[in-house]
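Right, one structure below, let's go through it.
Letters are used for the chains, namely A, B, C and D, taken in the order the chains are written, and counting of residues starts over at 1 for each.
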Amino acid sequence: MIGFPLFPEVASTIARSVDLLYFFLTAVAVFFSILIFACIVYFAVKYRRQPGRAAEQVQGAIGLEIAWAAVPFLITIVMFTWGSSLYIANSRVPQQAMDIYVVGRQWMWKIQHPSGRREINELHVPVGQAIKLTLASQDVIHSFYIPAFRVKQDVLPGRYVTMWFQATRTGEFHLFCAEYCGTSHSGMIGRVVVMQPEDFEKWLGGVTEETPAQVGERLFSEFNCINCHATGSRQRCPQLGGLYGREVELEGGGRTTFDEPYIRESIIAPNAKVVKGYSPLMPSYRGQISEEQILDLIAYIRSLTPEGAE
Amino acid sequence: MSSETIRLYREHYLNCSYGVRSWLLTKDHKRIALLFLISITLFFFLGGAFAVLIRLELLTPQGDLVESETYNKLFTMHGIIMIFFFLIPSIPTVLGNFLLPMMIGARDLAFPRLNLLSWYIFSLGGLFTLGAVISGGVDTGWTFYTPYSSTYANTHVIATAVGIFITGFSSILTGLNFIVTTHKMRAPGLTWFRLPLFVWSNYATALIMVLGTPVIAITLLLVGIERGFHVGIFDPKLGGDPLLFQHLFWFYSHPAVYIMILPGMGVISELVTCFSRKRIFGYEFVAFASLAIAVLGFLVWGHHMFVSGQSPYAGMIFSFLSFLVAIPSAVKVFNWTATLYKGSISFDAPMLYALGFIGLFTVGGLTGLFLATLAVDVHVTDTYFVVAHFHYIMVGGMVMAYLGGIHFWWPKISGKLYPETWARFAALVVFVGFNLTFFPQFILGYLGMPRRYHAYPPEFQVLNVMSTAGASILAVGYLLPMAYLVWSMRYGKAATDNPWDATGLEWQTPSPPPTENFADTPVVTWEAYDYGAKEDKEKEPQVA
Amino acid sequence: MPDHSTALAHQFDDLEQQHESVSLGMWIFLATEIMFFGGMFLGYSVYRGIYPAAYGEASRHLDVVLGAVNTGVLLSSSLTMALAVQAAQLGGRRTLVLFLIATIALGSVFLGIKGLEYYHKYEEQLIPGSNFHFDGPNAGHAQLFFSFYFVMTGMHALHMIVGIGVMVVLILLTLKGRFSAGYHFPVEISGLYWHFVDIVWVFLFPLLYLVDRS
Amino acid sequence: MPEHIMEKKIYYAVFGALMVLLAATVLIAYIHLGKLNFIAAVSIAVVKAVLIILYFMHVRYSSRLLWIFVGAGFFWLGILFALSFSDYLTRGWLPLPTGWE
């Protein structure tokens, strides 16, 4: 990789489309820069001060003023429309995306695969597969940035954000933290390793670690969640099996999707949104549980099947 | 010449009284302008010293010159000092203070005591910030993003925030003074559409200062409270929203960019007309473009937050509004260029700066479009692309305009001429050095080099070395004017009242002007930049 | 006619120009104050939107009676201030001083009641920070409400203290005979400032005390 | 601009109106109206503020320039609120995470 690159690698499905827009913007910028530079140089030479020739007073021209306000306006409308539609299109996560959880903290990225494999400052992904990242920060704001994929997302404390990408070629790419986060901000870097699916499977299988769902199951007892949420008891709290991804009705009206943010909120601030028919009895686990543990619990809850289905 | 000898004994604002007291208690806007000139020059070179250290550190990818902690403090202090203590006050408090009353035919600003107070407040805020620097510095970045600044940083956040908070009042007082002065103190006959465009642009700047600055004040106050008492206002652990800070911060800090550039645009309008001997092309459009920028500038702050977790709908609204603010800037550039058409152009040093400004501002403005475009901004935000873009606006634009203005009005301010050859040479050095420093950073940015990095991957080194080389040239370019302007105060040739043969009312006063500016209040019957009439008059045979 | 030459500053041509400049300047200053308080109002509103229940609960810990009485007191002080300005316009120095004293008195009553309320909050451990105590599941978000309560009312009270200081100076200047029917801008712009502080409270009262009382 | 001296009568009338509005705002707060409670509270506050600005602060009899600057302060406050809430009110619109604590 050492050398003198002038353009970043193109390694994701969206990279080309972003580059195309970038080339358009560059073309517009170059055109207008050259136009202005050329006019300045031409006028400066042609109308340089010469004895015997005075300046000719030109007051202005309404037509020109309208033209050079309207033309840039129209061009920016194109930029806006193109940029926004591409942005919206790029933020739509494909259905078949593989879930990977990321926790940022000063100053490292902790990454967790659904199979249980964990890694730090490295992200291994298979080529040609859409990857959906769910990210949280343990402390300050970070930003997950992979230049070769043209993706970047600030990672916030107290909230989940998502991003996705699909790598188009194998190789190693830079992973940066792009939001200043303190002393070792520039050390919060790593690499994204894109592998052939077979190699990726091999890599995944190479280590036998507990899967997040298994860790979550253990935490489920350790944090005494099981005392109330055990399968079979339905007096005090809702059944968790099979709820993931469904809409639930809330006490006091309203509905919400039973997804990662809602599960997280229910652990940290259980009584903010209580499912209809239940009382706000659950204690808050704020401060007692780490972001990674919450992600494990979510993985476990996702793995639960509805009662009686087993 | 006999007029020369008379000049020697004439009383003016510099020699009407002597001693430290006469300066520290002055209510004369011209003396206060010089007090500001001295203060912000000190801050400029301090901020510049930090910049030099940053560039030296980035010469090698390993980050081996200073520790990362030190590096973080360097770029933070560079940003804070350059933005709050140099760029924002620079043209308004120095050239604006000096020229605004003279340009509108007034004896002083509307509130001279507030004007002096503004300098004291500025100095107090500056001392606070310097105190924070000396006692160890601050490392949050000039943006003070929470919760890093409110909870995690171990440096002198509160002292620095207090310094900026105090300085904000200086900005408010200056803005208030300019608005009232422009409305109420114009000479008879000087209607709004006869005003020099420098006055329009300073008026627009003053509006932003007055309406934006209080918001940064309360924002920093809340950060201080959060940091001191941990009540949760910006702390997600206690239910706060860090993005609320970003909204409040950028509500001021984006318009603050226009505080920096608008007065520069005003200077350019004066310079381009004078050295082309022409009335400005499309006066009304340039004038209203200033006001449009001041208003639209308040509607675009969310483009700093496209990847921050802000709602994508808000992102689209802000993206659209950001494109709108590009239009008045484009209109200005086209009008300046058109002003050259059929002019009689001379290339004195101020004009070189002005032409440099137009070119660099064009590049800076056009690259701003990349950052307003949502899909591209996702990739380039928080990279060196942004760094390059805003330096093109602020250093390529604003500092060029400031230097051009200082040169142009130096004869009026000091009563002395600067050495023209040296000045042209310095202008070229600045232009070359600037481009070499910051153009490579656009490429670095699209390559993906994040900003605020103390160490970086080795493949970025070549471009970084170019940038550092440019910075050394740029440093020389800034030191040169400092040297010869100081030299000229003592050894320069005495300036005539109107060495550029310019039209503004300020040139109708003697150089340097007397304390009261005008012996009699002038009555204005002509348009601004009436160079045509001036040339015609000169063509008429002089009647003895 | 009183002598105007001492009142007219050298940079102005006449008193009318000076008068207009001064009152325009004051209004611009008030615009900055609107934005200053506006930042706090924005923070307050954002969290009220996110945590309506906690805001309702926390707000019920404030004393409506004291708040309403204080609003009445402050509105009365605005009346006396308006009358003071009128007295100044008419050149009545005695009435001017009396009305200024009345305004100071009412302002002090307001601050006294405010202090009493703060003291109650202190006793109830409702001051945000390490000693904050609030029953129920919404404690953390109630703390946010009280943070804004103290910051906003505290900033407001600080403005009142400044206003009272200004009025003391005005009284001294009046007694020295500085003001007349022709020259009284300082009284007038101080009045503007005082009314502005009143307006801030007009919004603070319902937003802080009456969030969810029904 | 000749100075306009208002009659005492007007001051008292405005003061009376302000006190009535104060009573109204307290009373309405105790009637359950749902979202209207908030709207009523803010509307009454706005009316009170306008009364104070127009009469106590003499803006009604002031130059157009003053009207512009009075308006500008509130207009800019409106910008701050409108665009900030363009974010907060639309965050839940997309199936994007809204996992607020």
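Just so we're on the same page, contacts are C-beta pairs under 8 Å (C-beta built on N, C-alpha and C of every residue); 3 or more make two chains touch, one makes a residue touch a chain.
In this text, all values refer to a predicted model and were calculated from it rather than measured experimentally.
Each of A-B and A-C has its own count of C-beta contacts, and the greater count is at A-B.
Averaging Cα coordinates per chain and for the whole protein, the chain whose average falls nearest the overall one is B. Chain B and chain D have Cα centroids separated by 36 Å. Rounded to whole angstrom, the centroid-to-centroid distance between chain A and chain D, based on C-alpha atoms, equals 40 Å. Averaging Cα coordinates per chain places chain A and chain C 46 Å apart.
For chain B, residues touching at least two other chains, in rising order: 183, 211, 215, 236, 239, 243-244, 247, 312. Contact with two or more other chains is made by residues 65, 72-73, 76, 80, 84, 88-89, 96, 100-101 of chain D.
In chain A, the residues that touch at least two other chains are 91, 158-159, 161, 269, 286. Looking at the complex, you find that chain B touches chain D at residues 183, 207, 211, 215, 236, 239, 243-244, 247, 251, 298-299, 301-302, 305, 310-314, 317-318.
Within the complex formed with chain A, the residues of chain B that make contact are 63, 68-69, 72, 139-141, 143, 145, 147-148, 151-153, 236-237, 239, 242-243, 276-279, 281-285, 307-309, 312, 315-316, 319-320, 323-324, 326-327, 330-331, 333-335, 337-338, 340-347, 355, 358-359, 362-363, 366-367, 369-370, 372-379, 381-383, 443, 446-448, 450-459, 462, 531-532, 535, 539. Chain contact summary for the complex, chain C toward chain D: residues 16, 19-20, 23-24, 27-28, 30-32, 34-35, 38-39, 41-42, 45-46, 49-50, 64, 68, 71-72, 75-76, 78-79, 81-83, 86, 89-90, 191-192, 195-196, 198-199, 202-203, 205-207, 210, 212-214.
Residue ranges of chain D in contact with chain C, taken from their complex: 1, 3, 5-6, 8, 11-12, 15, 18-19, 22, 25-26, 29-33, 37, 41-42, 44-45, 48-49, 52-53, 55-57, 62-63, 65-66, 69-70, 72-74, 76-77, 80-81, 84-85, 88-89, 100.
Looking at the complex, you find that chain B touches chain C at residues 101, 106-112, 172, 175-177, 179-180, 183-185, 210-215, 217-219, 221-222, 225, 229-233, 238-241, 244, 247-248, 516, 521.
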